[in-house]
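Chain naming follows the written order as A, B and C, and within any one chain the residues start at number 1.
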Amino acid sequence: MPLAKILVAFKSVPDPADAGMSSHDIASKFVINPFDEIAIEEALRMRERGDVAEVAGVTIGPAAVDEQIRAAMAMGVDRVIRVDDSRALDPYAISRILCSLVGREQPSFVIMGKQAVDDDSNQVGQMLAGLLDWPQATFVSKIEFLDNYSRACCTRETDSGLEVIEVSLPAVITTDLRLNEPRYVSLPGLMKARRKTIEVATCEQLGITVQPLTVILSTARPPKRPAGTRVDSIADLVARLKNDAKVL
Amino acid sequence: MGQPLDVNQATREVFGNISPWMQVVFFAMMALSIGLLVRQMISHLWRWRKGRPGGFERNPRVWLQRLVIYALAQKRVHKKTLGALLHLLLFSGFVILTIGTTLLSIAHDGPYNFHHGWYYLIYELTLDIFGVAFCAGCLIAMYRRAFRRPPALGHDWRDWWLLGILLSLGITGFAVEALRLHYTQVQPWLAHWSIVGWLIDRSMLQGLTIGTAQTMHLWTWWLHTILVAIFFVTIPVDRFLHVITGPLNIALRPERPMGALVPLTIKEVEETGRTGVHDLQNFNRQQLLSLDACMECGRCEDACPAFAAGKPLSPKRVAMDLRDLMSLGGGDAHGVIPDETLWACTMCQACVQECPVLIGHVDLISDLRRDLIGEGKLFGPPAKILQQVANQSNPYGRPNNERLAWAEGLDVPTADSNPNFEYLLWIGCAASFDPRAQKIARATAQLLKAAGVNFAVLGKEETCTGDPARRIGDEFLFQERAQTNVATLSRHKVGRIVTPCPHCYNTLKNEYPQFGGEYEVEHHSNLLAKLMADGKLQPDAAGEETVTLHDPCYLARVNGEIEAPRAVIASPNEHKTREMPRCGKKTFCCGAGGGRMWFEEPPTQRVSNLRAEEAVATGAQVLATACPFCLNMMSDGLANTKGGERMKALDISEILLARQKRAGLTGR
Amino acid sequence: MAKSLIVIEHGPSGLKRSSLHPMTFARQVGDSYALLLLGHRLDALAPTLQSYDATSVLLADHPALAEPLADRYAAVIAEVACKESAQTVIASSSTFSKDVLPRVAALFEAPMVSDVLAVENIDGVSTYKRATHAGSMLANVRVTSDRCVLTIRPTSFAMPAPSSSLSPIEKLPVDETSLPKGMQFISREERVSDRPDLSDARVVVSGGRPLKDTETFERLVGGLADVLGGAVGATRAAVDCGMVPNDYQIGQTGKIVAPELYIGIGISGAIQHLAGIKDSRVIVAINKDPEAPIFQMATYGLVGDLHQLVPELIEALRRA
């Protein structure tokens, strides 16, 4: 029996292509977190293959993230729930919100990117799995269903190469870069997505109270790359690497 | 025999030897076969009518002009090849024989019979000569099919069947003539005008009794007649169809610059529910007609860089597969054209330039690509590129405020610092962000300054023209870019634009008018050549390295600019410039067009490698280009080619700048 | 004094040295710490851990823990952390700790800070510095709960110095029946190379097309990488012509690297490649063409023939 529903969690992040910009505090263009986009793509491909009937999305944020919700819908996500919260939540708080939403939605499994490219924490999927007491498969580059969809065989990208594990479903899966290449969404697709409604929920409605337990006090840019120098010889190069750059 | 020579007596009986009831059978048979032909053509018409209405050229003057150039004079067919020769013979024979037969029936069935006298004699001679041409054409075609077997032509038993019908038509026609001359005992002076029949009679039929000849004439005549009937029925179902659809498409294809794709409106998308073409009937009627105009000659395939590089694309197969789908009643076009085929196209327009019946392969592919984009079927690097065009306003994904990084230390005037500029120097994204191509921007700016040109750049106000988006198939992203840029250009009251990028050049010149942006656009080669001609740049070109020019498709083929880049790199020593076999309008793509610049390619399927081999074979030391994308691709191509390390790829502006520096950069 | 639990990582070749670096962090903030080692047949590994001033070396040794499955590991770690009354659970950043520790945080009911680069004591409270936005921003983070889970970047904290006193070893009871069983280990790809992984190597040596063939590539790029203990990467051109396998490719469409030291050999610097290396701390470029775009980005650029310069560099580094 194919699965009934996948829940894809995604986040709006400043376009990573703008990351090099000097004016980072000036709000740049926002996009779906690229790793989450891969998760969405994978869920859609599963639906297109007939592995699953419905792809539901969830994201947390103020109404401003609706633009990325539209993009997810334009890709093909059937419905999206936005948990309305404009606070700077930390991964633990986010995991708790997602946990209560999973209780409400009862998906066959949850899939999301391994990390958000703004915060780079790489925590939410694993935390959610821990809170739900579900198995987890992180940094996944391949997913196959086994035994009449009761288990998934996942290939994970680890420091020491590829690892294969099997998880029983429901589970939380987080995606790595090589899982797939997400589809491109064009304006007509976005226009069609405008006709879909976004479901909005609040923490009160979900019956939980969350507080961020980590606070970002300040941010700064790392020191800039000093102008490069031409060196004349290997001896010169080695001396500079040793004495100036101190990398040897 | 022995009668006095009276030219006015010269004629022949039209249905000599054919009894009245046989004539009735003849007319019935002809009516039936012509009826079948008409019925078939009507069913073709209905297939075309399934398409979106319109798309036809409406100006009769254009029709006439094109018919004369492409149908009558067959401009696209003529080449120094066997195929072109045999087509000329077949075409001229077919046309004259058709006209002759038509005249004969007019004379016979019309109110006034003019089929005698000098007219008759010249008629007989002319038809004999062109009959020979026709048969010769058939024989050459058979020889070509049997022994040369050009792969792009395609080979099928039906081709032999068709050629067999044609040749049999010719041979039986002459046999009928010879037998008629024999049994009617025509006087020699008269028979000489039917030269072929007379020769056959004299060489082969001597000794035949008049009675036998008459009987044989009857049977041969019937054979000939039946073949004619079969021929009529065959026209609408096979390669012959192009004799009708070819001229139709030639006349009716809409007039548009080669480099301009057709805009799509949101309204159309809402009406059809489709972005571009998904089902065959999303094509317009002219496009569907054009599919039936293809006679599978394969000229497009021979010219196609993607096909040559082993990619899964043949423009001919695209047209044929869509046509076959149409004959099955239509349906999902992507079912017959795989996505990889559509993405393989470089949109270099070589196929479009070659097609004798003016099929717009690139438009077909573009419409199908638009649907792929609308359906979310684009993945990977090119998808990222489009996102970057949308979000960062350039395909490189660089912050747009770094647009002037190339100009560091050059003191280049901007539209703000020099609002009264004459020329707007449109840099383009490649020359703005690609470190190698930035040198083109630097060289061009330095040359314009040296020549005292009053110019300015837009700096961070310049954004991608939208060309990659439009070619890949995201029409609305293109339109958004176009509208933004047109607004910027109007705000700065831009009248003349010069750009080192042929793709920007083409889009600004041929596509922005679709959005109200009318400018006088020049490629930098054109302006630099003018500055040289005016003596404002006086480069020292003596003792240069040998150079060969790679013509960018969107400069040479699409926009006809061939002389200017050559003038810029011209050397006083003629031996210093060499031409590749494929040059000028017949140039061969570098592989970057149609958005291919941004696709991953297996090394064995790189168009650039083929072109680099061709360049290396000239033995020149420098491969000059006039396009930042060509420069990028050709540099790669040279790196992958044996002997490529002895050759360096440079933009014409870089070559000119080096020469100008030798002469003193201040110029004038 | 607060107490930390430090999770130590090990693999087929023994203890992962970088997983000991959190002890330096703990010493810096003034915490006492216990070390926790999970797995099966750990007896040989434990003694090494005794000489780092830990309060104890805890061993969770059981066949059910033979493979690092996140659900079981997290359950054990969280239970031990509670039992040891640790306020902080720490490990070195790696795919192992990234997989397991957030799950520990969920069970430990604590927030987590990933990939800490530095710690500062401001008004008696620890403030953690960490990189965000792919390293283009640095954030100072404070935790407002009394418990937390941390991973630290091993290159930012040194290897701890050993001491003469021996910490006691404590074997923990593992109750297999209480462990989650939803995850099953199937297989792991055997590493063919001893070189570090491209994406988190401290040194990356990368080569382009002018290296010509696999043999030369391995001798020059591989040779240089081995002297420096670095990883090997390549340009698309080098991958395309079959010189090296696909997973070597660095660049926009390949791997993005940000090592301490990146050395590009025979790489002119196609924009796609440069995008994949721009966050490296020191970039060295060796190339024949003085106009090569990579020199605009290189910290140190050396113009010349790589076939002569690279062997010279390998030799110089060997001597040093």
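Everything that follows uses one rule, which is that contacts are C-beta pairs under 8 Å (C-beta built on N, C-alpha and C of every residue); 3 or more make two chains touch, one makes a residue touch a chain.
This is a predicted model, so every value here is computed, not measured.
Chain pairs A-C and A-B differ in how many C-beta pairs they share in contact, with the greater number at A-C.
The greatest centre-to-centre distance from chain B, using averaged C-alpha positions, is reached by C. Measuring from the averaged C-alpha position of chain B to that of chain C gives a distance of 58 Å. If each chain is reduced to the centroid of its CA atoms, chain A and chain C end up 22 Å from each other.
We define each chain's centre as the mean of its Cα atoms; on that basis chain A and chain B are separated by 48 Å. The residues of chain A that reach two or more other chains are 20, listed in rising order. Across the assembly, chain C contributes 296 as residues in contact with two or more other chains. Looking at chain B, one finds that residues 380, 397 touch two or more other chains.
Residues of chain C that touch chain B in their complex: 209, 237, 240-242, 252-253, 268-269, 271, 274-275, 291, 293, 296. Residues of chain B that touch chain A in their complex: 266, 269, 275, 373-374, 376-380, 382-383, 386-388, 391-392, 397-399, 401, 474, 476-477, 480. Taken together, the chain A residues at the contact with chain B in this complex read 15, 17-18, 20-22, 29, 31, 74-76, 180-189, 191. Those residues of chain C lying in contact with chain A across their complex are 11, 69-71, 74, 94-96, 98-107, 110-115, 127, 130-145, 148, 180, 182-191, 197, 200, 203, 228, 260-261, 278, 281-284, 295-303, 309, 312-313, 316-317, 320.
The touching residues of chain B, counted against chain C in their complex, run 380-381, 384, 396-397, 433-436, 439, 600, 602-603, 636, 639-640.
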